[in-house]
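Below: one structure in structure tokens.
Note that the chains are named A, B and C in the order they appear, and that numbering of residues resets to 1 at the start of each chain.
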Amino acid sequence: MTRKRSLSTVVAVAAVATLALTACGSSKSAKTTTSSSGKTYTIAYQGPLSGGNAQLGLNMVYAVKLAINQANSGTSQFGKLPFTLKYTQQDDQGSATQAPTAAQAIIGNSNVVAVVGPAFSGATKASGALYAQANLATVSPSATAPDLANNGWGNFFRVVADDNAQGPADAQYLAKVVKAKNVYVIDDASAYGSGLASAFKGAAGSNNLTIESETAPGTTQCQAGQGNVQQYDALATKIKSSGAQAVFYAGYYCDFALLTKAVRAAGYQGTLMSDDGSNDPKYISQAGASVAEGALTSCACSVLASSPAAQAFSTQFKALAGFAAGTYSAEAYDSANAIIDVMKKLSSSGDAITRGAIVNGLKSVDFKGLTKEVKFQSNGNIAGTAVYVSKVENGQLVQLGLISDLVKQ
Amino acid sequence: MSADALGAVGGRARLPGGLTRAYAIATGTDAKRLYSSLVLGLVLALMTGPAGSVTAPTSGIHHALLAPRVFGFLAFGLVVWLLLTFSGRVGPRLRGVRQRVAAPARAVTAHRTVRWSWYAVLLAALILVPRLLTGAYQQLLVDQIGIYVLLALGLNIVIGFAGLLDLGYIAFFAVGAYTTAYFTGSLPAKPPFEVTPFLCFPLGVLFAMLAGVILGAPTLRLRGDYLAIVTLGFGEIIYDVANNLKQTGGPQGVAKTVPHFVFGDYHWKLANLPYWYLLLGILVAVVIGVSRLENSRTGRAWTAIREDEVAAEASGIPALRYKVMAFAFGASTSGFAGVLFASKNGFFDPGVFTEQISILILVLVIFGGMGSIWGTIVGAAVLQFLPGYFRISGSSVFQPQDIYIYVGFLLIIMMIFRPQGLIPSRRRAREIGMAEAGIGSADALAAPGSAP
Amino acid sequence: MCFTQNFWSLLISGLANGFVYALIALGYTLVYGVLQLINFAHSEVFMSGGFAGLFLMDHLVGKGHVPSGLTSVGLVLAGTIVAALAGGLVAYILERVAYRPLRRRHAPQLAYLISAIGMSFFLFSLAGKEFGRDSASVPQTFTNGTVFHVFGAGVQTYYLLVAGAAIIMLVGLDRLIGATRLGQGIRAVAQDADTASLMGVNIDRIIALTFIVGGLLGGAAGFLFGIGNGVVYTMGFTPGIKAFTAAVLGGIGNVRGAVLGGLLLGVCENVPIGCVDTSWRDVIAFGILVLVLLVRPTGILGERLGRSA
């Protein structure tokens, strides 16, 4: 008995060793050098690639890869470029613990000239000081916490509007267009959702809205945190009996879909509104077209499907990634392209492409992205925070227009 | 399955001699082991294969198993089987070699001066080598390895020494971290007085220890597996409370960056090495403390409780008090690590303190060897280094999102083949051996008097 | 005020959740009865049932119009059965891989717990890899809505479905344990495994079958839960702990206790939501767990499968 087991141990160790060896072997062979004209620069991505939020990270990874592939093959909007781009990634699990190590690994790679990410606000807070010290530009597709822009880092940019842009606009829309008096505000207990909800509540007074608010932790995949599935029945009951004319949900589409199903099943008739996290066709497929009918979503971006460029992006993304583009894919694509745009300008003006030069270049970048005009304010926030509203009509997300225009009518 | 089918046939009808023999071989130990080995190969193929998606749930399995690569994994399974089956002949010889090498080696290391000079060399290496590392590996060393080794050492007291399964260990880490944030004025809730982060060490340790005693005193009366669930629930409660309360900053995390340590005129900043030296000092102190504890009256009492609680109580050991003490020691180590983490990282949110981290620390201890100080250290260092290494080096073989598949796999394999861990403590290995022979139990989990 | 306002609605949806908890709790209780072990990986049995049901419904229903009438009934029935089978299969694999090898070696109890934790991590991460990590909605198999009112609180089709399916299974299980040879075997092993073995009961077989029975119920629960709350690879974790709480609440090892505990927990965590945020629900549930273990660790109906089932 003992003999057999001690030998099995040997085997187990051998097995692990073999695996490790295969791993090392193939990792070496995987590193192939691209031979192309000009110099080679690396654009890094930092975000969650493991843990509960891996899918959000993958949504962005393939968008960045796609932007880089297009730039290298000369099929992008920038045409043929005099340099070659490479891609590298660091996994921070969306966690404040892992983020500094990921950031250090990117900073330590001297080929990296700019970073798409960090994806999450918490990870950005934990690694921002390191990037600032290295003067390495970070363009986040998805970190929306308002106070990120107030750190004076100088190298921080984001192509997504912060919560302070969207929340008040949504409150205004519900008050002026939907003519709601009482609104039930729910957030998903993620950093994103709770920030947005408090921005919404902050604008309630000026719009004469009475607010009842609640936190309902979202399902794993749609928030940074625990693995659980929220059961919305109890919440639906409370919403129905509260007499609120509208519900504002600050969170992501999968939970908004579950909430929609629950409140409609409970017989609630009021308006449902959510944010850019829910501004996704998957919301309709998950809630069911008939149930989702009439729900509103807002976004500081225009709906993807509307332009041919966006349609091309969707097809190419699917071909590269094997799954459809999702939340923050287009923003990540824009972030990468903003960096490539700066690099192109630098090389055409004969300047050296360095980390510092890209930071400076991003401050004055201005190009037409998929989601919006990419142009940054001095604190790194995206300029022009036009918030659009969309409505589910006949199973399609139809863009109604700019909130600022709609409230005037 | 095929063996069962054959068995049904063989049982009913009378088969010719050849077939009966074939049946005997097909259901014999060797054959069964062959099937398991081949299944192991298939499972490995599945684990390392491409991912699927919810719209095409079989695509991952299809590409992993119906591709030429599967033959490599089947061959690997075959090799495992060959090793398992035929190593019986090589085994004793190997063990003989090991003993012949190990005995003089042990004699040498047992010599005091030799042992101390080994320690000195190790310490010198730990001081000097990190200076040569790049920034990312220094960060890895402090954030992922150093702090987790400290956590694992603390958990080792609870689970390895006293045999208590704590599944909410990270909660005490959270207590330490939030205490630091609170008393440095970084939370939305303002403290009555602010202190410098260094003074948060005693405070964090105190609060974590208090939490440990408050939780432990009532629950440690219960059966061991109930304790596991209560600690699991407690870990969840701490996470939820941190996430729900406005005073902790909720999911947004701490409101303001937690300041770095200041000692006299010396300011810790972003650079990692100063933290490493601080951590190294703490680790050395903890290792010395814990190894003294292990062989003290308290340590022996823990061993006695772990091996047989009823007998321990009968011989006059106040079991509950010692169990609470183990719990408090573990909790305070965790709290200590929490303070260090909070001040070093500057920012954290409740997402840092999830249940998975508790389980991860448990895995570190089990992998290294429960109850063994060096085992815990080596286990934690290796297991924390490997994923970090794969992440930093950007290896494309292990997809980072699959890390918990490997963690789970490792746990199962360890429990089947080497439950005592990588570098087991001698006593622990003997206990497991005894439990397997049916004498006594090897942990405090079993209810007094009940057989598993 | 806040407590009474939605009391009946919250009670009803709490009961529906409670039935799901009860079904999962039975898996814990049955295994505990025969092995005196907490089957930590039971939450993944639940998860696998959810996925099996999801894929079947994806295949049969697809997008577009919502089926009605007999088609709905047939679909739900098919989904429940397939989910139950998947759960049973996973539970069986679990027993073979994570438990039997250890039992052969008389491993310490800690080893079982750890190997079950390992199995749990392995299974849910593998599911995440193979089936994607986004949460998915089960296609609608029936039109959900209020069927009738109790004290002004609407009772939805979904609640009736969950309760009906659960009651059928619970009664079936009660009969199985009380009146069949398998049930006798389970009770015998739960009372005294050694004696049962001497009497010619094949313990390995009984234990495997116990896992499978628990798995069938857990898998079905996964589908019933998935219809209302979506399916995601980590879905087992929280309901798993809560169901364990329910099992402890009723007296672990006690089949009727598990049902009682499930319903009680479902109601107890749901009704206070009238007064506090939904986000405190889990805290309430785990608080109940801690309290029960402190005050009455043997649960309401007491332990032991052998005697009281």
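Simple rule for what comes next: contacts are C-beta pairs under 8 Å (C-beta built on N, C-alpha and C of every residue); 3 or more make two chains touch, one makes a residue touch a chain.
Everything quoted here is computed from the prediction, not taken from an experiment.
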Chain nearest the overall Cα centroid: B
Contact-richer chain pair (by C-beta pairs counted) among A-C and A-B: A-B
Whole-Å gap separating chain B and chain C, where each centre is the average of the chain's CA atoms: 29
Inter-chain centre distance, chain A versus chain C - centres from mean C-alpha coordinates, in Å: 35
Mean-CA-position distance for chain B and chain A (Å): 33
Residue numbers of chain B (touch at least two other chains): 53, 55, 236, 240, 243-244, 355, 401-404, 416, 436
Per-residue multi-chain contacts in chain C, two or more chains: 105, 124, 128, 132-134, 136, 237, 277, 279, 282
Sites on chain A at which at least two other chains make contact: 1, 54, 189, 215, 217, 226-227, 323
Touch list for chain B against partner chain C, complex: 46-47, 51-55, 57, 60-61, 159, 163, 165, 218-219, 222-226, 228-230, 232-234, 236-237, 240-241, 243-244, 355, 359, 362, 366, 370, 401-405, 407-412, 414-416, 419, 431-432, 435-438, 441-443, 445-447, 450-452
For the chain B and chain A complex, residues of the former touching the latter: 44, 53, 55, 76, 80, 83-84, 87-88, 90-92, 94-95, 134-136, 138-140, 143-144, 236, 239-240, 243-244, 250-253, 257, 270, 341, 345-352, 354-356, 388, 390-404, 413, 416-418, 433, 436
For the chain C and chain B complex, residues of the former touching the latter: 35-38, 51, 54-55, 58, 97-98, 101-102, 105-115, 117-126, 128-134, 136, 193-194, 237, 241, 244-245, 248, 277, 279-280, 282-283, 286-287, 289-290, 293-294, 297
Chain C residues touching chain A - in the complex, by the definition given at the top: 5-6, 9-10, 13-14, 16-17, 63, 66, 105, 124, 128, 132-137, 139-140, 144-146, 153-154, 156, 158, 225, 228-230, 232-235, 237-239, 270, 273-274, 277-279, 281-282
Sites on chain A touched by chain B in the complex: 1-12, 14-15, 18-19, 22-23, 26-27, 30, 49-51, 54, 58, 88-91, 94-98, 100-102, 104-105, 107-108, 121-122, 125-126, 129-130, 133, 145, 189-191, 193-195, 215, 217, 223-227, 322-323
